[in-house]
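What follows is subunit A paired twice: with subunit B in the first complex and subunit C in the second.
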Partner chain A sequence: MTLLRRLQSWEGFLLAALLCIIVMNSILSPQFLTVGNQINLFQLSIEKVIVALIMTFVIINAEIDLSVGSMMGLSACAFGWLFHQGVDPVLAVVICLGIGALGGALNGWFIARVGLPSLVVTLATLIGFRGLARVLVEDRGITDFPDWFDALGQQGFLGPIPFALIAFVVLFVFLWVVLQRSGFGRKTYVIGTNREVAIYAGIDTARHKMIIFTASGLISAFAGLLFAARVGAVRGDVALGFELDIITMVLLGGVSIFGGTGTLMGTLLAILIVLNLRNGMALVNITGHIQTGVVGMLLIASVLVPRIDLGRLRRSKEETA
Partner chain B sequence: MTHFAKLGLAATLMMGTATAALAEAHAMTLEGGMETNMVLLPKFLGILVFDQANEGAQEAHAELGNPGELLFVGPTPENSVAGQIEIMTTAATQGQGAVMLSNNAGDQIAPSAEAAQAAGVQVVTWDSPIPSGAGESVFVAQVDFGSIGVVMADMAHSILGGSGQMAVLSATPDAANQNAWIAAMEEALAGDAKYADIELVDVVYGDDQAEVSYNRALALVDSHPDLGLIMSPTTVGIQAAAKAMQDEGLCDQVKVSGLGLPSEMVSYTMNGCAPEFALWDFRDLGYLTYYTAYGLATGQLTGDMGETFTAGRMGAYTIEEDPGRPGSKRILMGPFTVYTADNVEAAAQ
Partner chain C sequence: MTAPVSAPPPSAGPVLALRHISKSFGMTRALSDMSLSLFPGEVHAVVGENGAGKSTMIKIMTGVHQPSSGTLEVDGVALRLSGTKDARQAGIAAIYQEPMVFPDLDVAENIFISATGLGLVQNRAALRSRARSLIDRIGMTLDVDRIAAGLTLAEQQAVEIARALSQDVRVLIMDEPTASLSDHEATQLRQIARTLSGQGVAVVYISHRLEEIFDVADRVTVIRDGQHISTRPVAEVTPDGMIGEMVGREVGNYFTKAPSHTRPEVMLSVQNLGCADAFEGISLDLHAGEVLCMAGLVGARRTDVALSLFGIQPATSGQVAWLGQPFHATSPAQAIEAGIAYVSEDRRKLGLALPMAIRANITLATLNAILSRLGLIDRAAEQGIAESFRKRLNIRTPDVETSVGMLSGGNQQKVMLAKWLEMRPRLLIFDEPTRGIDVGAKAEVHDLIRTFVKEGGAALVISSDLPEVLALGDRILVMREGRQMGILDHDDATQETVMRLATGATSLKGAA
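And then the complex of A and B:
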């Protein structure tokens, strides 16, 4: 079985699962297919799914970025703090995006230049960024943002479609081209599969990883601002624990935690599965622990199934040898 | 709960009685049997007081003979904010008649609550309101928030014998109810000379989770060696703090007080770790909230200030301006019960 065929079958499985969920949801809830609900379905998790797109790059590159949730929180809190210090909101947005790029570059520098494991570095910045966020807003909520900022997060931008959803689609198309149709994308796979080989092939792996982690920080900061706009208020615990949901979606999408395999289309399918499943359960009033449990089972499946596949792959290799 | 110990509440109670008597005269009786689906949304699931509120709401639901559905759904503690926003948004999609919300998301819930209102859903808050009042039809307040401050200050005064250090162990930093009560207590402490020797040294947050609260309580004792009292205005925090002091054998030095449930606190009150605490009846709160939401969702109440209606067995209530949040509306339930070794066992039954 070739690598390509295995990927296709995993994505095929995801597509089938997604269709099943959509059909079940449509039968169980008359409101499921309404335009309003379909938009809400995305809107309720839009910040996480945006970050999942760049997380796909990080994990295919055989790295991990645990600091994304904290960066979202830091960016949102920095915006709230700056705005309340009287900084022009547009300038505040720019500064927050700068903080994101800088924080991401900091991760990248320690990982790519110093050579520390990304698990350790981003675990440290997960704590560090969150700490900064909490220092900025202390134990309170900041609210009363400018009307245009709130409107961007809470109202339709193009007809009923909110700004964040458009940003997601644009970003998906852009990143899809980069990952699946460009030299940068091919290098991402090569480095993820075998970094030694990539180095001997003359790829500047350190520069490549710097770019990916900087982008991860920048997009996380952007997502944090979207969150602030959507809920119209920030506090120190914004996006707390989001990194786990984001990584869940990427792994479910068939991206191997060991790097080198997976596609952005797989991540998109996994995103759609998680969102539709959550929405369907909410519409039939399954909330709280049961909902968490079902999503948790999905994660187990996403970790187990590729491993079973790998085992089969190894055996079939031995047979042909 | 037959015995009442009232502390510094005489004026408040008299005013309450006068309002009730006045209201009784032209109170509206809600017509039962009208269909509307409603959602009771607690801060999160797995907390006894919220289950009790649900019992009260279910009682009112049966009493009014609403053929619609009353759902009790909530998020998990780790996902409280996003979960509350999700359930509020879903309720709007489902076309529920009303959402009864104990808000844990601060003002972050406001956009989704406003969207729900725009979709025709009545948003009635109880226990904890939306701080800005945006997206909220009316808030059913358990007791006057100012009077909670006086009650807590008086309990502190009596436990500390008039002088000493105390710290507050609260729920989450953005819980509108706890924040308002702490502010009211600080105001009460500053406003009367008899509290001059009581020093509030710290305010910490246990996130309304037993383990976190337990550790925060112990950390308070470590960082403030002269601490005499931990005041916890949350049922989770007070129980965790009392257990922490009991487990570490600290009950002689550091007492615990605040807002607690008799059934959870009885052993700590009897062994002296938590000699005095206070609370109101969450069943009644759920019951009154249901009546209010039902009246609004069926169009029998308009939700305007000054409107008076009869809430079944609990009598007449009036919609008034919330003194703590100008421009927002509230219904005041009241009154308070202070529990001591004299009355806690009977109430814990």
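And then the complex of A and C:
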């Protein structure tokens, strides 16, 4: 069984699971398949699923970015603070995106150029970015953003479809083409599979990792702004702990934590599964804690199944060697 | 071949004996009918070419591998060692070229690292005094409270030996212990070997440095192609006789030298190239159409020279001229840009992304050439390249989507070669191009190298396989411990002359 086929079968499994959940949900509740519920289901987690797209790149590259939740918080809080300092809100948005790119580049510099493990670097910036966010807004909540900003997060942009959902779809299509069809995507896989092989093939792996981490910071900052717009208020604990939900979705999508394998389609399917599962359980009044437990069990299965396969592969290789 | 009768053993019976031991891995026979007796109090040197079976023999003695047939006897009793722990219990221990010490612990703690039953609250004073007596026993002066991080390699070796002694060792195997040591440190280590043998320990000493074998050993065993060739007291051995026995085979049995395609123009000119802590004083001219082989033993640092030319490990001294221009690569991308390719010896770690498709591996180094203006991969072009190499190099696979990890070693090697040929290099550096692949694939790789130079390319081939070196090389550069020992023309080169340079038995004065 080639790896490709195994991945396809994992995605097939996700698709089957998704269809089961959708069928079950629509039986359980007539509300489920309405446009309003479907949009609502995305809207509640839209910031996380946007970041999950770039997190797919990070993990396929055999790295991790724990600082995304804190960067979302920092960007949202920086926007609130700048706005209340009287900075033009459009300029504030640009500055916040700049902070995101800069913070991501900082992660990337330590990881790619200095050579520190991403787990440690982004754990440090998880703390650092969050600390900055709290310094900016202290323990206040900041509200009263301009109407257009709130409307962007709270109302339909194209008919009933909110801006964030459109942004998600556009970003998905763009990143899908990059990851699955471009040279950059190919290099992402090679570096994640075996960085030494990439270096010996003349690929500038440090530059590649810099780009990915910068993009991760930038997209996280963008998602933080979307959060501020949707909620209409920011506090120091915006997006606290989001990184874990985001990483869960990516791993559930079949992306290996060891790098090199997984697809953006897998991540999308996992996103849909998690959202529909939670929505369905909520519709039949299953509490949030149990929902979380079910998602956790799914994650264990997703990590376990490919590992069992890998073990078999390794054993058969030893026998032929 | 009959083994000459050995000299009378130093004392009664052998402490460890291998009797008619054979060991196969799949189709490969690593040892066949190997017999060897070790007596208390002797230093017994084992010599042979790379791949002669020395490592397999050690692994059988230390219980890492179990023999396919034959027996291993300790004090005349047949024993089955099913792991290193069994070997340790029987009093057999080994130390290697790279000592294993824990840098944050002190010497005493390192010595007793694997000792069990000492309890959590050890009597530190007792531990230290025992460590001191072990260090004394091997005749070293070393403070047992020192942190291991600051120890020299020889001192680390001493710590490892003391660790072995702490568990009542009767057979100590030293596997190329001096390969990375300076001359002074190597002398220290040989003294330790002598001291221990004086205390009744049987020492197995494996080394590529022939001169130290004459210094330290009581008896010498030569093995070749997994077979025992001879065991003699060192006094009856001459360097030439030993090398002749190590090399053995008739030249030209497997491979015959093809006519040279060397053209007059120099493509690569290297002057006095050096790289800190790796090699120095490498000078060579490589012509268009020429195959220059680099011969040497493990630790000769030939790969380091290749990595310098390829930009992985930039040279720190000397000059390189490439196609008439000064050239100093500081990254593989620069070397590739200049038309230099390096085919790594370790295809699993450095050469191939094993889980990925053959197609993706072949285009890895030339990906930018098949990208559209928007950076997208031209899949039809990629497919075409992969298919053409599949036919041209006879890569046996159902299709080019198959992941490389599923292929046999020889076919993996061809995929790796395809990756570099696709780049149309002017200079191809091959590092052990046929290691671990079968004879048929070997011949195909040789043909490929010859075709490449015939079309005007230049090839630098690092190989530890002497028949291969003699079959391929228009000239042969021999290295030893980071130094260039000489360059031989093909007509002057024999296995004996190459080995003599590689082991340091002689050096070519004024060569290159």
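Quick notes on this one:
Everything that follows uses one rule, which is that the second predicted complex is superposed on the first by the 314 of 321 C-alpha atoms of A that agree within 3 Å, B and C clash if a C-alpha of one lies under 4 Å from a C-alpha of the other, contacts with A are read in each partner's own complex, and residues count from 1 in each chain.
In this text, a residue touches a chain if its C-beta (ideal position, glycine included) is under 8 Å from a C-beta of that chain, and two chains touch if they have at least 3 such contacts.
Worth saying up front: this structure is predicted, and the values here are computed from it rather than measured.
Residue contacts after overlaying the shared chain place A:R140 against subunit B, while subunit C stays out of touching range.
Applying the stated contact rule after C-alpha superposition, one finds that A:Q31 touches subunit B and leaves subunit C untouched. Shared-chain residue A:R113: touches no atom of subunit B or subunit C. Shared-chain residue A:R207: touches no atom of subunit B or subunit C. Shared-chain residue A:V177: touches subunit C; no touch with subunit B. By the touch criterion stated above, A:L44 is placed in contact with subunit B alone, subunit C being left untouched. Touch criterion met: A:Y189 reaches subunit C, while subunit B stays clear of it. Of all the residues in subunit B, the ones that touch subunit A in their complex are 44-45, 71, 73-76, 78-79, 81-83, 85-87, 89-90, 93-95, 105-112, 115, 131-132, 172-174, 203, 205.
The residues of subunit A lying in touch with subunit B in their complex are 29, 31, 34, 36-37, 40, 43-44, 138-141, 143, 150, 153-154, 230-237, 241, 278-279, 282-283, 285, 287-289, 292. Across the interface of their complex, subunit C is touched by residues 2-4, 177, 181-184, 186-187, 189-190, 193-194, 196-204, 260-261, 317, 320-321 of subunit A. By the touch criterion given at the top, residues 25-26, 312, 331-333, 335-337, 342, 344, 349-357, 360, 364-365, 367-368, 371, 374-377, 401-403, 405-406, 419 of subunit C touch subunit A in their complex.
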